[in-house]
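Each of the two complexes below includes subunit A, the first together with subunit B, the second together with subunit C.
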Partner chain A sequence: MTTKDKYKKVAYYPGCALEGTGHAYNRSTKAVGKKLGLDLVEVENWNCCGAMEVKNVDPKLQTYLSSRVMSVAANEMNMDVVMAPCNGCYHNLKKAEYDLKNDAESAEVVDGLSKKAGHKTYESGQVETIHALDWIKDAIGEDGLAERVKNSLSGIKVANYYGCMYTRPRHIFPEKDAGPGSESTSKPHFMDDLLAAAGAENVEFPLKTACCGGAHTLSDSDTSTKLVLNILQAAKLAGADVIATECPTCHTGLEMHQIRAEKTLGEKVDIKVLYFTQLLGMALGLKPKKVGVHENISDSMQFLKEKGLT
Partner chain B sequence: MPIHEKSLIRPENLKTHDELVIDGIDVSGHWSTFIEPRVVTDYNEALEEEIAALPGGEYIHRCWQCGSCTNSCTVHAINEDFNPRYWIYLIRMGMESELLRDKDIIWQCVSCNKCTYACPRDVFPEGVMKATSHWLERKGHTPMSPSMHFDEVFTEQILKTGKIEESRTIRRFFSRTKQGLFQGWMIEMVKQLLKHLPIGLLTRMGLATFIAPRTRDWSRAGSAMQEYIDEQYEKQEQALTLAQLVEVAREDAAA
Partner chain C sequence: MRPLVDIETGIAAVSAEPDLQGALDELLQLSEEVIEHWIVARGDVPTRGKREGFRLLALHRQGATGDPSFNACRETCREIVYHYNMLKMQPDPAETTHRLEMMKMISSHLYLFISGKMQVAELGDFCCSSKPIRLAPDVAPEITKEV
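Let's look at the complex of A and B:
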């Protein structure tokens, strides 16, 4: 089976953020999948992957949490691909996969916990974890996407922001940096490629993989605000109207600290923040509400109206 | 011991005299800056092992001080005192008192993993930062950092229900760190969201605060993880020699 066919039907792991603050991403991912004829089967009775927090208590617990999600997909649902749109979930599943394959101690702890919890232990290699970007890029491709575009994103200048967890650390993403066509960990381009296929004009944005301080968005807000402000200003200077995101923590962080920067530092940066799936969805002819634009914190409706996407 | 790190020369020990003549020779001004000598005696020989015993610190011994971590560090770019390479050096040398000078900022690592990405020796400096902040807390050098409070609130909720419900986690975190929830920017954020009335979203999030989302049949997984955490904690206490300290104190009290 080709990758293209394999990705037509995947296990969908939304994760906690996509049921709360990142619901717009959940809504738009599903809507885009439906529009493109791709099948998403939600992982049954999933649990949290541990996000950025459990690893600080003990990294092996995080490995266990992620392994359980993959175990359900593989052993209870017979799926061989898990698609996670959230960078945190995607990262953690990838990291668990790496650790289970390469670290005997992690594998032992996970096995012990799985047995006590009463489910089959996940064995590395049972599923392939992919990001929503891989999913659309491989199952549909740029050409396929371009054919289906109803409202071109032409005239919209986009800064594509990928954040930390999609590319770092390198060793947990063996398929990246693998030559022509593969994703790059230093200059990622999958989101650029997809949005360009939908007609958007991508700006040269040097902070694609900069950190938004998401891990400390509440526990050290001043640091997060500084980091976010830097990203917003750099995108603005690069000439972007919109920052496209692919992670609910980054997205919420950018929106929250855009407001916080204005309130606490008096720095107002007028730039929109939208999930890449929202932009793609509208390009495919979906109404803004269908892709959850009203669920974002900041208001982009006027802007979208001007660009003819409503 | 000769001075092996420029950063170990404390600015307050640099002496420049506007007018100073010693044995008839003029040594005034910037050209004749003196360094006041100091003696470091309180090496903690066990420091590296202690950090290595905490999760994340396992590979600190691999470091060969290239500085790629500090060079790539997100936090270093906004605060020059945040210097992972230097802290790893101090830990490996056992210079505890020097490390303690920076005790209040080490927890600020944002886990962006740029250091781990850049490290040619697979030290996993991000993990070392976490291990070091845990060490500082466990040894009583710092109060629990807001970040660790957040990690705890978060982990507790996962052990209990298997899932995170954000507004609950946020409320617990704010109350545990004794911060007011109604900060200006928070209110502004909610105000903006309310402007475009995402009724479905608000209803769902509101409902979730009453009926927490949970993973079914989670209790066995939750208690297995709690058991594991307790076991690990015990092991780490041994490594940190805190256990022995408690023992000595007990004997002392008994006598």
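Let's look at the complex of A and C:
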């Protein structure tokens, strides 16, 4: 079976953020999948991936939590691909996969906890974890996407922001940096490729993998605000109208600290923040509400109207 | 090595006039000093060595040794070097101001990331897990120990 065929039906792991602050990402991912004829089957009774909280206190417990999601997909749903649109979930599932393959102690702990919880132990290699970018890029491709575009994103200048977890640490992403067609860990481009296929003009954006300050948000909000402000201003200086995102934590951070920068630092940056799935959805002919634009914190409606996307 | 607060204002003050090369060298030096702070805070001596012709890249590598989460600023360092090279090797008067402003923003990001990380070192590892907490003996994992 080719990768293209394999990705036509995948287990969908939205994760906690996509049911809360990142709901627009959840909505737009599902809507785009439906529009493209791709089948998403949500992982039954999924649990938290362990995020940063569990991982910080007990990394092996995080490995177990992520492994349970993959176990359900593999052993109870008979799926061989899990698609996680959230960078945190994606990263944690990939890390669990790596740990189970390379660390006998982790495998032992996961086996013990799985037995205690009463489900089959996940075995390394049972599923392939992919990101929403891999999913659309490999199942549809740029040409397939371009053929389906109804409202070109032409005239929209986009700074693609990937955040820090999509490519780091490199060793848990063996499929990246694997030659032509693969994603790059130093200069990721899958989002650029997809949005360009939908007609957008990508700007050269040097902070595409820079830290958004997500980890500092609660402990040191001022640092987060300054980091985000710098990203927004750099994107603006690069000529962008929009920052496209593919992570709910980054997206929420950019939106919230955009407002906070204005309130606390008096710095207003007129740039829109949209999920790449929202932009793709509108390019495919979906209305803004169908892709959850009304659920974003920042208001992009006037801008989208001017660009003929409403 | 200037105090961190002076580095922040120093980056903001860099100007292409009257001497672009001087401005580039100053920005590179300021970026190096940011990482020197990180290395010194961890009890090490900043290297004088270079990687790929740049001390900044050698310093980054030194700063990331034993702390993989520091790699979150790896590409930022490489972008500083890229912009330095572009401005030096392919000078374009029409683009100089724009490129230098962008280089300043990238250097600012390095400063913000590292100074923030130094303030909350125990929390700054979303991407690569928080070692200081994990390694503290009084908060050893309980749940997995039971297995």
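FYI, the second predicted complex is superposed on the first by the 310 of 310 C-alpha atoms of A that agree within 3 Å, B and C clash if a C-alpha of one lies under 4 Å from a C-alpha of the other, contacts with A are read in each partner's own complex, and residues count from 1 in each chain.
Here, a contact is a pair of C-beta atoms (placed from the backbone, for glycine too) under 8 Å apart; a residue touches a chain by one contact, two chains touch by 3 or more.
Treat the numbers as computed from the prediction; the structure is a model and nothing was measured.
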Simultaneous placement of subunit C and subunit B on subunit A, clash or fit: clash
Subunit C versus subunit B, contacts on subunit A by residue: B
Touched partner set for A:E295, first subunit B, second subunit C, both or neither: first
Partner chain in contact with A:L61 - subunit B first, subunit C second, else both or neither: both
Subunit B versus subunit C as contact partner of A:L207, first or second or both or neither: second
Touched partner set for A:N47, first subunit B, second subunit C, both or neither: first
Touching partner for A:A159 - first (subunit B), second (subunit C), both, neither: neither
First (subunit B), second (subunit C), both or neither touched by A:L286: neither
Partner chain in contact with A:I259 - subunit B first, subunit C second, else both or neither: first
Partner chain(s) touched by A:A238 [first = subunit B, second = subunit C, both, neither]: second
Among 112-120, 148-156, 166-174 or 184-192 on subunit B, the segment whose C-alpha atoms clash with subunit C after superposition: 112-120
Common interface positions of subunit A, toward subunit B and toward subunit C: 52, 55-61, 64, 109, 112-113, 116, 164-165, 168-169, 210-211, 213-216, 219-220, 223-224, 226-227
Touching residues (chain side subunit A, partner subunit C) in the complex: 52, 55-61, 64, 88, 91, 108-109, 112-113, 116, 164-165, 168-169, 186-187, 206-207, 209-211, 213-216, 219-220, 223-224, 226-227, 230-231, 233-234, 237-238
Sites on subunit C touched by subunit A in the complex: 68, 71-76, 78-79, 82-83, 98, 101-102, 105-106, 108-109, 112-113, 115-116, 119-120, 123-130, 133-134, 139, 141-144, 147
Subunit B to subunit A touching residues, read off their complex: 55-56, 74-75, 78, 108, 110-114, 116-117, 127, 130, 134, 145-152, 154-155, 158, 162-167, 170, 173-174, 177, 184-185, 188-189, 192-193, 195-198, 200-201, 204-205, 208, 213, 215-218, 220-221, 223-225, 227-229, 232
Residue numbers on subunit A that touch subunit B, as the complex places them: 16-17, 19-21, 23-24, 45-48, 50-61, 64-65, 68, 109, 112-113, 116-119, 164-165, 167-170, 185, 210-211, 213-216, 218-220, 223-224, 226-227, 255-256, 259-260, 263-264, 292, 294-295, 297-299, 301
